[in-house]
Each structure stands twice: as C-alpha cells, then as structure tokens.
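In what comes next, chain A is part of two complexes: it sits with chain B in the first one and with chain C in the second one.
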Partner chain A sequence: MSVGVLDSRNLNGGQKLAVKYFTVAMVLFVAQILFGLLAAVQFIAPGFLFETLDFSVNRMLHINAMVVWMLYGFIGAVYWFLEEESGVEVVGLKLGEIAFWVLTAAVGIVVLVYLFLQIGAGDDTTRWLINEGREYIEAPRWADIGIVAVMLVFFYNVAGTFSKGRWSGVSGVLTLDLVALVGLYLAGMFYTTNVTVDYYWWWWVVHLWVEATWEVLVGCIMAWSLMKLLGVRRKIVQTWLYIEVALMFGSGILGLGHHYFWIGTPEYWLSIGGFFSALEPIPLVAMVVHSIYDAGVHKFKSTNHPALGWVIAHTFGNFFGAGVWGFMHTLPQINLYTHGTQWTASHGHLSFFGAYATINIAFFYLAVQQWRGNVWMGANLADNGWKWKWSMGLLNLGVVGMTVALLIAGYEQSFIERAVEGSTWSGYFAAQTHPWFTEAMFWRLIMGIVTAAGLALLIWDLATIGAGETRPALVIERHEEPGVKAAVVQTA
Partner chain B sequence: MNATPLWASETFWKKTAIWVTAVSFLLLIVLTFDSMAKVSAGSTTRVPAYSVINKKIDYRFNASLNRYTPVVEGDAPLFGKILSDEEAEKLVTLGKKTFQAKNCINCHTVLGNGAYYAPDLTKSWLDPNWVDETNREILMLAFLQDPPGNARSYGTGRRMPDLGITEDEARGLIAFLKWTAAIDTNGFPHNFKTLYAQENP
Partner chain C sequence: MIEPVQLEDFFLNVFSAAVIVVSGAGYAGFYAWGKIARRPGFVISAYASYASLAAAVWVLAETSHFEGFWRVAAGLMLIGYFAAPLAIFRLCTAMHAGEHSEHDRPIANQQQEEEQS
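On to the complex of A and B.
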C-alpha cells in the first residue's frame, strides 16, 4: 500500500472499475458545462455558431452529457461499495470491465455523430443510426440496445455479488431499484406517430427515472456514505431508507400524473398528478432531517470532510431543487402558466445539481482518498483545504445564481407570454425580448461562468488533494447493536 | 429488552415500503390502460383521427369547462386534396418522423415539452402569425424549406437554421402540426386565440 500517491493497489477490484467510471464522469461533466455555456451565449448572441453548432445541438449535448455523467457516477458509486457491502469480491468483474469499455465507446461514437452529423432525413434510418429526436433520450436506437445490454451486465455484477456474499437492507433496495431502472428504459424504445401516446411513455422513462428510481438509488448511496463517513448505525440508516422508499415511491409513482396535465390525456390526471406530486417533497424533508441530525450527533467528526460537505450540499440541494422548486409549479392551477417556460429550466438546474451532481462529487472525494492510500481528509488539510471549499462555494453559487436568473425569466414568461398575451407566437416573442428576460439571460451566463470556474477548481483539487499526505484517515468506531451484523469498517 | 416501538421498527417500514410501492404501481397500470384507450387516435375527441387534417380546426370557449376546446367542422383539405384515413396517417407519420429526425424538440416545444429557444408548436397551425388561412400552407411550405431566408425573429435575432427539409418532409410536418393542433390539451396553452378568433373575436 502506498500513501499519498494515486496507486491502484490501494483499491479493491470493484473500486478499480469505479475510478474508471468516475474519470469518464468528470470528462462528461466538463462537456456538460462547455455545451451549456455555448447554449447560454446563443440566448444573448443568436448568430454565434449559427448553422455550425446550433442551439439544438448544444442543448442536446448539454443535457445528454449531464444524464450520462450522473449514470456513470451512480454506477461507479455502486461498484465502489459493492465489495465492502457484500463482503466478497465482485462477481463477473471481467465482464463488468468489458461493459465499461463498450459503454464508453458507444458514448464516444454517439457524441461524434451528434456533433458532426447532427440530423438526418425523416425516415427510420435516422432514428436507428443518428438521432432519435426525443428530448433527453436522443441516443439512436442501436445505442439504446447497447445501454440496456451494459446495464444488464452491471445488474449481474451487483445481484451476483450480493447473492454470493451477504444481503443487507441497502443492497436489497438497491438491487430491486436497478430492476426497475433497467425495465423503465424499455418503455422509451419504440416509435409511435401519436404524439400523446409517445409522451405518455416517454414520461415513464424520464419521470420514473429522475423522480423515483434515481432518487431511491441515491438514497442507497447516501445511506452507505453516512455509515462510511460518520459511522452511523446501520439499523438507523436502513430504517430511514425504507421510510424514504415508501414516501418516494408512494408520491413519485402516481406523481407521474403531473406530466399528464396538458398532453391530451384525460382530465383525472389533473387531480391525481396534482395531489401526489405535491407530496413528493416529503421524502426529501426526511432526508434533510436524517443527514443533518446524523452529522450533528457526530459533531461533524467525519473520515472525509469534503465528502461530508458535498453530502450536506446534496441534502439541501435535493430538498430545495427537487422538492421546493418542483412543488412551486406542480399544481395544475399554476402549471398551466409555467409549463414550457424557463420555470422548468430553473427547476431542472437546481434539482439535477442538488440531487445528483452533489452526491457524485462526494463519491469522487471518497474515491480519491482511498486511491491515495486512505489518507487523512479531515480538518487541517494542506493549504487549509481552500481548493475544495472554494470550488464547492463557486459551484453552489453558480448553480443557485443560474436557478434564480432562470426563475425570473420563467415568472416573466408566465405573466407576459401566457397570462397577458394569450400564448401566441407574438406573445412568446414579446416575452423573449422584454428586458426582464434578456437581463435574466445575461445573469444566467455570468453564473454559468462562475459554475465553470468552480468546476475547474474542483478538477484541480481532485487531482491534488491528499498528495504527499502521510497521516492515515480518521478511524470511526461504529457501535452496532448486539445481534446486528457489523459492516466492515475500512481502517486502512 | 426489546422496546422498539412500531414506528421505529425496520421491519415495519420495510413492509410498508413494499406495500406502498406495489399498490401505487398497480394503480398506475390500471390508469394506464384507461388512458391508452382514451388517447388512441380517433377513439375519443381528446386525440383526433389523423384524417382530421381534411377538416377545419378551430377553438371555442366552452363556458361549462371555462376553457377553450377544439372544434372540428367542415371540410378544409390540406393542400387542396381530401385524403383517405390511410393516406392521412402516412403523411402525419412522415411528419412525425421528420420532426424527430431534424431534432426540432431541442429548440421548440410541442405540448409544452422540449426546449425554450423557439415557440411552442402545439397550435402553430392556428397561430395568428399566419394572418389568414388562404396563404398559410404556402407560407409554411416556403418557411420550412428555407428557414433563414424566411426568418421572422420578432426582434430576438434568433433564426431557424436550414435543416435540409425536402418538400415532401415539409408537407408531412405541416400535416403533423395540423393534426397536433386538434388535440384537446385541457386548455393549454392558456387563453390561446386562433387566427380565426382574431378575425372574428
């Protein structure tokens, strides 16, 4: 074991694969911010890259890179704790390794095709080989099939390893959640001319991923992180996890109805979607209570300060971004005016960052700590840890700033385009040219640049934190109740 | 000593999680069957048959619902030709496939879903921007085949790029958008008045 330098001998099999996923995730994170900035510039200077890299291409790459880096982060996180949680080596690791390279090659090809071919003729070939043209899941059909195949290998690794080793509450929830995650993707893999039917099933993928199965997946990752970082008792973490699953699926599954208000589906969805989606913030409140309480009880004594910082950012980001910002426009009485405006973009920015980017970044710090030989990452870091603190500050400030700017633009659109002008094209453009809108777009770009600065600092920090560190990580004793099987406490 | 109350018991919450998830999912399946039956093209007035492109489409205020609802009345064949059900579906299908192939959704929205760089297309067929119905089809055909040449950016400077849309694809897109305009969207987008309403308010 080497201390203070990046050495793969410090990692177990699953962790070696995890750091590969994390590395690609960071590359895609950079791509997300880059294409987001280009798209933000085009709101201010519409001639910028016109007919070379149009807004549609930048926006598609911005969001696709985000979705894919989230998934890479989640998959990496699961591989990271798979051996510790199961007590055995990863089953089928070689296959998992191949799946990683297949997935990464497929992602690379899809990005090149998006950049250089962009679009095709209005036939089936385009949908199979170039671009499916359905928001968020634009990947052509061949890539869809590849993604499902890779996810099945991942599922085999996870289920096989837990079956061979030991099961726990965390691993049970995780495994069942992965079944739903893979199954739901299939709902988005067919063509239909009927745009209402198309959106009905498209939302099964989009909503039931991000507002149900992804939330439960990060719940599992969070549960494991709290045991790792703070030494929280497994029984407490798992009880909360079950409560969260009940609340999350209880509100999120029928909360799907809030996407069925205006797409041609029957009117009963207005009541069902409104009621259940209004309950969606409740599990996120539970999450706030649990992690802040845990951190306080342990007097913020943790094995990894940057990771704990990002876990707390996740807690608040998930609650405000997904919970509060979602609730603000989920009832049909307000959604009639806000649906299809920058309100949604405001909610999207804060929720994906708050709920998902944060927990992934927390895991990057856990990974780099172990990769350098499980070095000290508590208080009194070299240079007082200014890099992780500033990058966390800048990233949060940037995203919150963009969220507020987009919210102002969304308010303005709801009033001027919808309520006053009656939703015509001239109403749309009247809202787009109003100073309240154009100023908001200017500030969104500024805050995008702040976010990019935070990301640059984050990369620098991840590359250097713990380098040359000789102190071993803080060891936290976990006091399990008698009769409850203790998890492995990694001490070095 | 075992003093764990029910509300703090891991087993209790595990069972609750399983039951809540199962019941919610079951309800969703039942509602999905019902919704699918009501939104297949032509099965109810919510989502019209594709042959609606042969008809005149307008919206009128429905006092009992307190919102605008679609009204389909009289013949108004697209490009001057009445199409059979099969021909209409074929043309709308070409339009939908073109809509996907040209990545329209990453600038526009339809049914409010998509990107917010360009206007919503749900009721574009009825937008007062086309002034009246006489020249609408010609203007739409010309615009789609040469968007920068026919750009109307209303002071934003935003233009639609040339996407290499052929005349056939443009006809398909127009058919798709005419059909979409007749979907009953529960009053979304709010208070929209068609080009006919602007003529006869």
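On to the complex of A and C.
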C-alpha cells in the first residue's frame, strides 16, 4: 500500500471503477457551473451568444450536466462500497467497465450534438438523433436506450455481487431501488399525442426519480457513509433506512400530485398533491430528532472531517431546500402563482445542491482518502484544512445566495406576472423587466461566480488533500455482528 | 374546489408555510435535546415552537381559504407534527438501549489488528 500518493493499488476493483465515475462526475460538475454561468449572464445581457449558444441550449446543458453528474456520483458511490459491503469481488466488473466507457462516450456525443447541432426539424430523426424535446430529459432516443442498458449492467453488477456475497438491509434496499431506477426511466421514453398524458408520464421520471429513487439511493449511500465515518452501528442505520424508505415512499409517491395541478389532470389531484406534499417534510423532521439524539448521546469522532462536514451540509441543505423551500409554494392555493417562476428555480437550486451534490462531494473525499492509502483526514491537516473549509464555505454561500436571489425574482414574478397581470404575455415582460427581477438576476450571477470559485477550490483540494501525509487514518474499529464481517466502534 | 390566496395575503401565506416546517424542526430539536440533556427549559422551548407552528398553520389555513377537506388536512398536519417527534424520540431511545455497553469495549487500532492477524 502506498501512503500519501494517489495509487490505484490502494483500491479494490469496484473502487477503481468508482474513481472513474467520480472523475467524470467532477468534469460534468464543472460543465454544469460553466453553462449555468453563461445562462445567468444571458439573463442580464440577452444578446450574449445569441444564435450561437442560446439561453435554451445553455439551460439544457446546465440541467442535464447536473442530472448526469449526480448519477455518476451515485453509481460511483455504490461501486465504491460494493465489495466491502458484500464481502466478495464485484461480479461482472469487466462488463461494468465497458458500460462506463459506453455511457461516457454517449454523454460526450450527446453534449457535442447539443452544442453544435442544437436543433432539428422536429421529426422522428430529430427525436432519435438530436434532442427528444422533453425538458430535463432531452437526450435523444438512442441515448435513452443506452442509459437504460447501462443501468441494467449496473443492476447486474450490484445484484450479482450481493447474491454471490452477503446480503444486508442496505444492500437489499439498494438493489430493489435500482429496479425502480431503471423502470421509471422507461416512463419517459414514449410519446402520446395528448400533451396532458405526455406530461403525466414525464413527471414519473422527473419527480419519482428525484423524490423517490434518488432519495432512497442517497439514503443507502448515507447509511454506509455513517457506518464508515462515525462508526454508527449497522442495526441503527438499517432501521433508520427502513423508516426513511417508508416515509419517503409514503409521502413522495403521491406527492407527485403537486406536479399534476396545472397540466390538465382531474381536479382530485389538487387534494392528493396538496395533502401528500404536506407530509413530505416529515422524514426531514424525523432526521432532526435522530441527529440531535446522536449528537447528544455520542461523542463524534470521524475518520474524515471534510466528508463529515459535507454530510452535515447535506442535512441542512436537504431540510431547507427540499423541506422549507418546497412546502412554501407547494399547496395549490399558492402554487397557482408560483408554479414555473424563478421560485421553482430557487427551490431547485437549494434542494438539488443540499440533497444530492453535498453527499456526492462527501463521497469524493472518502474516495481520495482511500486512494492515497487511507491517510489521516481528521483535525490538524497539513494546511489546517483551509482549502476544504473555504471551498465548502464558498459553495454553500454561493448556492444559498443564488437561492435567495431567485426567491426574490420568483416572488416578484408571482406577484406581477401572475397575480396582478393574470399570466398574460404583457405580464410576463412586465415582471421580467421589473427592478426587483433584474437586480435579483444580477446577484444570482455574482453568487454563481462565488459558487464557481468554491468549485475551483474544491477541485484543487481534492487533487492535493492528503498528499505527502504519512499519518494513517483515524481508525473506527468495528465490532463483529452476525453475518457481517465488521461493524463499528471508535478510537481516538 | 380551491380558492387562491389573495394578493394582500401572499407574503403571510408563504411565510407561514416556511414557519410551519422550521417550527416543526425547532419543536423536534428542542424536545429531543431537552430530553437528552434533562433540561426542562428546552422542553418548554419545544412547546413554544409547537405553539408557533400551530399559529402558522392557522394563518396558512386562513390565507389559503381552507374549507372542508383542506381544514381536515390542516388538523391532521397539526396532529402529525405534534406526535411524530415524540414517536421518533421513543424509537431512538429504544433502538439505542444497551448500546453503551457495546461501545465501552477497548479502543483498538486497525494496524495493530492487522499485525495481530
């Protein structure tokens, strides 16, 4: 084992593949921020890159890059702990490697097509080869089929490995969740001539992926991370995972109804969507109780301070982004005005960052620690850890700043465009040119630049943290548990 | 079936919705901490948070013109926010019972373990 240098001999087979996923995830994270900044500039200077790289293209690349880098991060995280969790080598690792290269090549081609072809005639050829046209899942049909095929390989790797090795609560929930992850994507792959029916199924991908399957996937990743980072007992994290899954599915599946308010579905969706959306913050409040309990009863010692810092950021970001910002505008009585305004973008920025980006970044730190030979990443880092602290501060400040700016813009839009002007075309422009809106967009750009600075620092830190470090990582010794090779205790 | 929020109630409506979730977390957090630290002051703060939550639910219901089903939903929300943290705290206590004896086992280092093995 090499200590203090990036050496793939420090990694098992699954972890080597995970590092590839993490690397592409970071590249896509940069792309997300870059295209987001370009789109933010276009709000202030609409002529910027007009007819070269239009706002619609930048926005599409900004959101698609986000969705894909998060998926890369999740897949990487699962490959990372697969061997350790199952106790055996990854089944079909070669196939997994091929799937990675196929997916990455496909993502590269799709991005090039988005950038250089951008649009087509709006016929079947366009749909199959250029852009499917559905917001957030614009990938052409061939790429859709490729994504499903790669996800099936991923499922085979995961289910095959656990079947050969040992099953646990985490692995069981994870494997079942992957079935849903693959299956739900199919709902966004067929067309109907009725736009209401089309949107009905489209939301299955957009909402149920994010508020059901992704949340559960992150729950599994968090469960494993907490055992690794803090030495939490398996029995406890698994019990909480089951509770979280029950609460997420119990509220999240029919919470889908809040997207059905205004697409032409029957009126009963107002009640269903409103009621279940009101339940959606409950899992988050449950987590508050358990976090407080653990903080009060245990004295935390973590193996990796940056990772723990990002896990804590995840807790707050998820609570405020998904819980507070979501519930503020989810009931139909208010959503009538806020739906589709910058208010939605405000909620989207904080909740995606808080719920998903943070946990991926935490995992990147876990990965780099092991990649460098499981070196020390606790307190008293060589440079006092200023880079990870500043990058975390800047990224959080930037995203919170953008969230507040977009909230102000969305509030003004809801007021002027919707409530006062009655959603007319002139109302749209009146809202877009109002000083509140333009000022908010200016500050959104400034905060976007702060976010970009945080990202630059994050990349620098991930590339250098632990370099030359000779101290071994703080060890969290794990008690034997029935059927499990190692569980947890703590050491100083 | 629904009557939209009036323009003059717009801020009150969204603010009260935010207060519901934040007070819900405050109630849960203060309650759990008060019980763990055996500090009655925190438990009182928890109930003060819940009172703020209940007031916010009332404001939300009024400004959203809740009637019929929606009033029932608001009532259920009040009950749910009150009971859920209590139930979860009991669950935490039960789940962690007997844990300390396990955690009191001697501290060891992975390298030492590897050397021994």
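In this section, the second predicted complex is superposed on the first by the 465 of 492 C-alpha atoms of A that agree within 3 Å, B and C clash if a C-alpha of one lies under 4 Å from a C-alpha of the other, contacts with A are read in each partner's own complex, and residues count from 1 in each chain.
By our rule, contacts are C-beta pairs under 8 Å (C-beta built on N, C-alpha and C of every residue); 3 or more make two chains touch, one makes a residue touch a chain.
Everything numeric in this text was worked out from a predicted model, so none of it was measured.
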Note to self: Contact-wise, after the overlay, does A:Leu34 reach chain B, chain C, both or neither (first, second, both, neither)?
What the structure shows: neither
Notebook entry, point to check: A:Glu267 contacts which: chain B (first), chain C (second), both, neither?
Noted result: both
Next item on the list: Quick one: classify A:Asn131 as touching chain B (first), chain C (second), both or neither.
Entry: first
Next item on the list: Could you look at A:Ala419 and tell me whether it touches chain B, chain C, both or neither (first, second, both, neither)?
Entry: both
Next item on the list: Identify the partner contact of A:Ala278: answer first if only chain B is touched, second if only chain C is, both if each is, neither if none is.
Entry: second
Notebook entry, point to check: Given the touch rule stated above, what does A:Gln432 touch, chain B (first), chain C (second), both, or neither?
Noted result: first
Check: Which partner does A:Ala286 reach: the first (chain B), the second (chain C), both, or neither?
Finding: second
Notebook entry, point to check: Taking the superposition as given, does A:Asp54 touch the first partner, chain B, the second, chain C, both, or neither?
Noted result: first
Next item on the list: Have a look at where A:Val5 lands relative to chain B and chain C in the superposition and call it first, second, both or neither.
Entry: neither
Note to self: In this superposition, which partner touches a larger number of chain A residues, chain B or chain C?
What the structure shows: B
Margin query: Quick check on my understanding: which residues of chain A belong to both its chain B contact set and its chain C contact set?
Written below: 235, 239, 243, 267, 270, 336-337, 419
Check: What residues of chain C sit close enough to touch chain A in their complex?
Finding: 1-5, 7, 10, 13-14, 17-18, 20-22, 24-25, 28-29, 31-33, 36-37, 60, 64-65, 69-70, 73, 77, 80-81, 84-85, 88-89, 91-93, 95-96, 99, 102-103, 105, 107-111, 113
Next item on the list: Using the touch definition up top, name the residues of chain A that touch chain B in the complex.
Entry: 42-43, 45-47, 50-51, 54-57, 59-60, 118-124, 126-127, 130-135, 138, 169, 173, 191, 193-197, 199-200, 235, 238-239, 242-243, 245-246, 249-250, 253-254, 256, 260-270, 272, 336-337, 339-342, 344-345, 418-419, 422-426, 428-430, 432-433
Item checked: Parts of chain B lying in touch with chain A, wherever the complex brings them together -> 8-10, 13-14, 16-17, 20-21, 24-25, 27-28, 31-32, 34-36, 38-41, 46-47, 50, 89, 92-107, 109-117, 119-120, 123-124, 127-129, 148, 153-159, 161-166, 169, 172, 176, 180, 183-193
Margin query: Considering only the defined contacts, which chain A positions touch chain C in the complex?
Written below: 233, 235-236, 239, 243, 267, 270-271, 274-275, 278-279, 281-282, 284-286, 288-290, 292-293, 296-298, 319, 323-324, 327-334, 336-337, 411, 414-415, 419-420, 472, 475, 477, 479, 489-492
